[in-house]
Amino acid sequence: MSTAALPATPPAMPAPAFGAAMHALLARLFPICRSITGDGVRQTLAIVREYLPALQVHEVPSGTPALDWTVPAEWSIREAWVKNAAGERVIDFRAHNLHVLQYSTPVGGWFARAELEEHLFSLPQQPDLIPYRTSYYQPNWGFCLSHHQREQLQDEYYEVCIDSTLDAAGSLTYGELVLPGASEEEVLLSCHCCHPSLANDNLSGLVVAVFLAQELARQPRRYTYRLVLGPGTIGSIVWLSRNPEAVGRIRHGLVLTLLGGPGGFTYKQSRHTTAEVDQAAALVLRDFGAAYEVRPWLPYGYDERQYGSPGFNLPVGCLSRTPFGEFAEYHTSADDVGFVQPTQLAESLSLTQALCEALEANRSYRNLSPYGEPQLGRRGLYKGVGGGQEGADWQMALLWLLNLSDGSHSLLQVAQQSGLPVALLHRAARALKAVELLQPL
Amino acid sequence: MSTAALPATPPAMPAPAFGAAMHALLARLFPICRSITGDGVRQTLAIVREYLPALQVHEVPSGTPALDWTVPAEWSIREAWVKNAAGERVIDFRAHNLHVLQYSTPVGGWFARAELEEHLFSLPQQPDLIPYRTSYYQPNWGFCLSHHQREQLQDEYYEVCIDSTLDAAGSLTYGELVLPGASEEEVLLSCHCCHPSLANDNLSGLVVAVFLAQELARQPRRYTYRLVLGPGTIGSIVWLSRNPEAVGRIRHGLVLTLLGGPGGFTYKQSRHTTAEVDQAAALVLRDFGAAYEVRPWLPYGYDERQYGSPGFNLPVGCLSRTPFGEFAEYHTSADDVGFVQPTQLAESLSLTQALCEALEANRSYRNLSPYGEPQLGRRGLYKGVGGGQEGADWQMALLWLLNLSDGSHSLLQVAQQSGLPVALLHRAARALKAVELLQPL
Amino acid sequence: MSTAALPATPPAMPAPAFGAAMHALLARLFPICRSITGDGVRQTLAIVREYLPALQVHEVPSGTPALDWTVPAEWSIREAWVKNAAGERVIDFRAHNLHVLQYSTPVGGWFARAELEEHLFSLPQQPDLIPYRTSYYQPNWGFCLSHHQREQLQDEYYEVCIDSTLDAAGSLTYGELVLPGASEEEVLLSCHCCHPSLANDNLSGLVVAVFLAQELARQPRRYTYRLVLGPGTIGSIVWLSRNPEAVGRIRHGLVLTLLGGPGGFTYKQSRHTTAEVDQAAALVLRDFGAAYEVRPWLPYGYDERQYGSPGFNLPVGCLSRTPFGEFAEYHTSADDVGFVQPTQLAESLSLTQALCEALEANRSYRNLSPYGEPQLGRRGLYKGVGGGQEGADWQMALLWLLNLSDGSHSLLQVAQQSGLPVALLHRAARALKAVELLQPL
């Protein structure tokens, strides 16, 4: 087999500079105390609008019905502390956002240690770390603290104060950005933005999504892209309940989460398991070069649960690095700014870009010279001299596309059957289209 | 993930007491000299009627055409012996039922040793054991004996007597029990009962079937259950030829055999290979905890051959422990009452019960709140406190059922895709039905 | 399980004598200088006509359009040499056909060594071997030589002569043989015959095809067989362009190539991947006993590329031993008469015969006694005495055929599901047809 001219390789990874900018945004967002409602989300989205000015911020009143749910009261937290008999603050929300149980009801007064203990959460197996705990839908109050800190609480009585509000006249906040494409068909990108001071979960997904949207905004788009940034579960439920028409236009979707940690990539299939986004993710990960794993659909996890409920049945997968619950820092104070590295964010961005490119590239073609092989030589696509694996792959990409372009094989299917990279096949398809051997369907 | 209230676990295994009662029945039936016709089958079925009074016993006259076959003459055996020159009985049917070749024609007189040798069957590789041999459809006579016993036959002449009858005016006997259910659709349970003094093959299957029928009789039934106890091959052929309407109502079927030996379980798929009974057997075995193997359909074996002939094409699998020909005691005098243990019988019964429960439980459901996840908390199905694998599995069972209950996934398919136990999913489905989240189709 | 009468086994392998005759033909054809056009092909086909007098030889004028291609000018080569300063022929086409670049344009005169070097081809990694190189569609001239020979060229100037003609008024030559069968449906056998003095590539395929056609000619045929012997790529393109009606009758096809080397067999699937020829090849190789590999379709290789282009989409696989590029002798002077052994040719012939037999045998049957198993004993197909694996396999072949002959399983599918040899099932099908238990559809 001889080799042939390779079109110039498109620019590969985002420069490491992207990583630094991504990490700076993450570090800026980290200190904000987010929850599923409240000013933390508003402050977060305000900063995101500096990057994506077209981002729309929606407020949905507490009490609004949403599918089987109701928008909860808005939670605000001002102060939360425990003082010992000597009046010293032994636990203080000001020291770390994680110290207060999310959605704690207001409380104040003196408690015997045994009573207080029922409202404390710590991790005996990870005694230095503060856990992250919530009680959104069951009224409760509590404090999270390191187990070492807890063991020092030996007084008989403690004074407790949680100065919080659960405002039935408040609202739930989410952000939404639409990047119109040539087609009304949509790609949904969704991130939860309800966790306080946890870097990987999920400021990493938010930051990757913001930079991905910036990059998508700069380029021609076949698809319309829709970015939804909202609180987990209730956020996607609220969005789904308010956007029946947009729901009907979603062709592919991705939940982006846990994209800043050190592990390999994990793609969790959509409920369809063989949707186009599932094919694209598997192939892009195959081509990408990093360690990865493809996992089957599971009706547990992030907001893909809601998008993939049987009534909506949207083809939305979930892309992460090491999944939730499988790394020691998960939902603890160790998931901090240092746990997420710039290079990891940049690599995640690069992967999501490749995945969007694969979705954009995936078409079926018709071979316009389908009887026998067309003579590539006289079209300048077959060179007598050359070599190396890249040249051989290019020649094979041309032959595979010609052979399978019978209208019933998509580019991703050609990538699957041939073993060749999606990006290489995309370039080869453009070259064959240029010499009028392929016609997109 | 939090855990939730688990409904009370249904009673698990039959008490070991079942094992003793089962073994007692087996020991009582063991000494009877059964064949494919004759009083041995009648005596066996008479004892079974003590356990299942509704059992009907059918007599089908010899000579009756049945599909491609004809009901054979009825065989009776009274005496069979070989005497040496000194007049001593060196082989005697009274000592062991296996000593006579089944369906031996009558014979009497003196034979040179060489002539006699042509009618002797022994096992040189297992010299202590008497083999089991038959010649139903080719007239012959013979004796089975241990190889050691055979080697001692050194006289020049022997006197032979087989006092048997092949009565063309006789009949073939089989038993049949119908347990009506809510539906006319049937589950067929079939055992061969034609072997003399072989405990595992197939008194074990018969005893398991009898106790299973007793248990099924005690409980509400979705399906109608039909138990057929008859001689191998000709028995099922006769039954099939006489019951065209019942044949049309069979939805699932099991041949029960070799269920008392020490090995793991073996399920041989029906001719369909993916029938509901095949799915159920594979999943129930997966959940059961014992060693097991699922084997593909093979048109050789027990009466599943007849049920699975292409004209009938019934979805009838075969459940056994170690299959025929794969354990040393098979078709020898070593397959005796001691080879079958009470605990093995009880475990087999428990498995067949679980399999029937799985068939009963297998429905498709529709999620009545299919848009997004329903809020389980306000329905008491999501608890904030708890733990352990059982709680986690229960929560996942609820989520899987809600997610896949789109009318096109059966409970067994949910069990397959989720990896969760069939019985747990059945309980979860009942819980979701109770709060009106699931509706059976 | 008892055994039964086995019909006499049909004659197995061709006698070793076939191997000698095959190798003699190969040795006779080896010295001819073939190319994609020219007298070398004509001489080759003239010798083949001694074996297959019905072979038709077609001449297609240069310049004739053929699909996307044009028949090239006819190349003739008379002399080609390089002389050193002393006037000695240091490279001479008379010494080896491979010394000249195929389709070299005429050239003559003195060249500086550096200029000459641009027209020399050698193999530094295999310094003793002359490579085989072509430049059919890009005008060029050149010499191939061993790397050792090349290293001795130290003169400053060399005289070069290539006395060749590229005749635009010439023609392309190919051979075609049709063996009519009971049906107009065709099996295509195709070999490239354009390589000079390379034994395995592809005189081996040609010789196997010639002997296979001789054997097929001697026997009754269900299918019509068509043998096409032509130059690679352009030969099959020309044939396809001229025979639209025959193309429509092709049901199965095989490219035969590289069948004389020492390696195991390789079957490359047709573009369909599950066509009948793909099933047959996989099963016949499974049964054959030699080492083998089945590889997926690839739009690169031999003329299956043209037959399998999407417009034609013919089910044509490729049968070889070690594939091109995977043995050291490939496309070098080491692929000589000694590299191909008579026993290897004879074994390849035997395999291709078995493959044609499998295609001939592959029918679906209907069991005429489909309700229960038919009683084989009274039809003489079930014997009470016997043994051995052959007898057991014969009995299982009967049972599998009866069980799966519901009109929707072909003989090859029975062979796949049962694991039994195709040839055994074919015999069993004939035996069941003889007693009127099976009816071909």
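In order of appearance the chains are A, B and C, and numbering begins at 1 in each one.
FYI, a contact is a pair of C-beta atoms (placed from the backbone, for glycine too) under 8 Å apart; a residue touches a chain by one contact, two chains touch by 3 or more.
The shown structure was predicted, so the numbers you read here are calculated from the model rather than taken from an experiment.
Enquirer: Going by the stated contact rule, which chains contact subunit A and subunit C alike?
Expert: Common contact partners of subunit A and subunit C, which must touch each of the two, are B.
Enquirer: For the identical-sequence pair subunit A and subunit B, what's the CA-based rotation angle in degrees, nearest 5?
Expert: Value: 120 degrees, nearest 5.
Enquirer: For subunit B and subunit C, what's the span in angstrom between their mean Cα positions?
Expert: It comes to 54 Å between the two C-alpha centres.
Enquirer: In subunit A, what residues contact two or more other chains?
Expert: Residue numbers touching two or more other chains: none in subunit A.
Enquirer: Touching subunit B in the complex: which residues of subunit A?
Expert: Those residues of subunit A that touch subunit B are 66-69, 135, 137-138, 140, 233, 236-237, 240-241, 271, 296, 299-300, 305-306, 308-313.
Enquirer: With touch defined as at the start, can you tell me which subunit C residues reach subunit B in the complex?
Expert: It comes out as residues 1, 367, 369-375, 377-378, 384, 396, 399-400, 402-406, 417.
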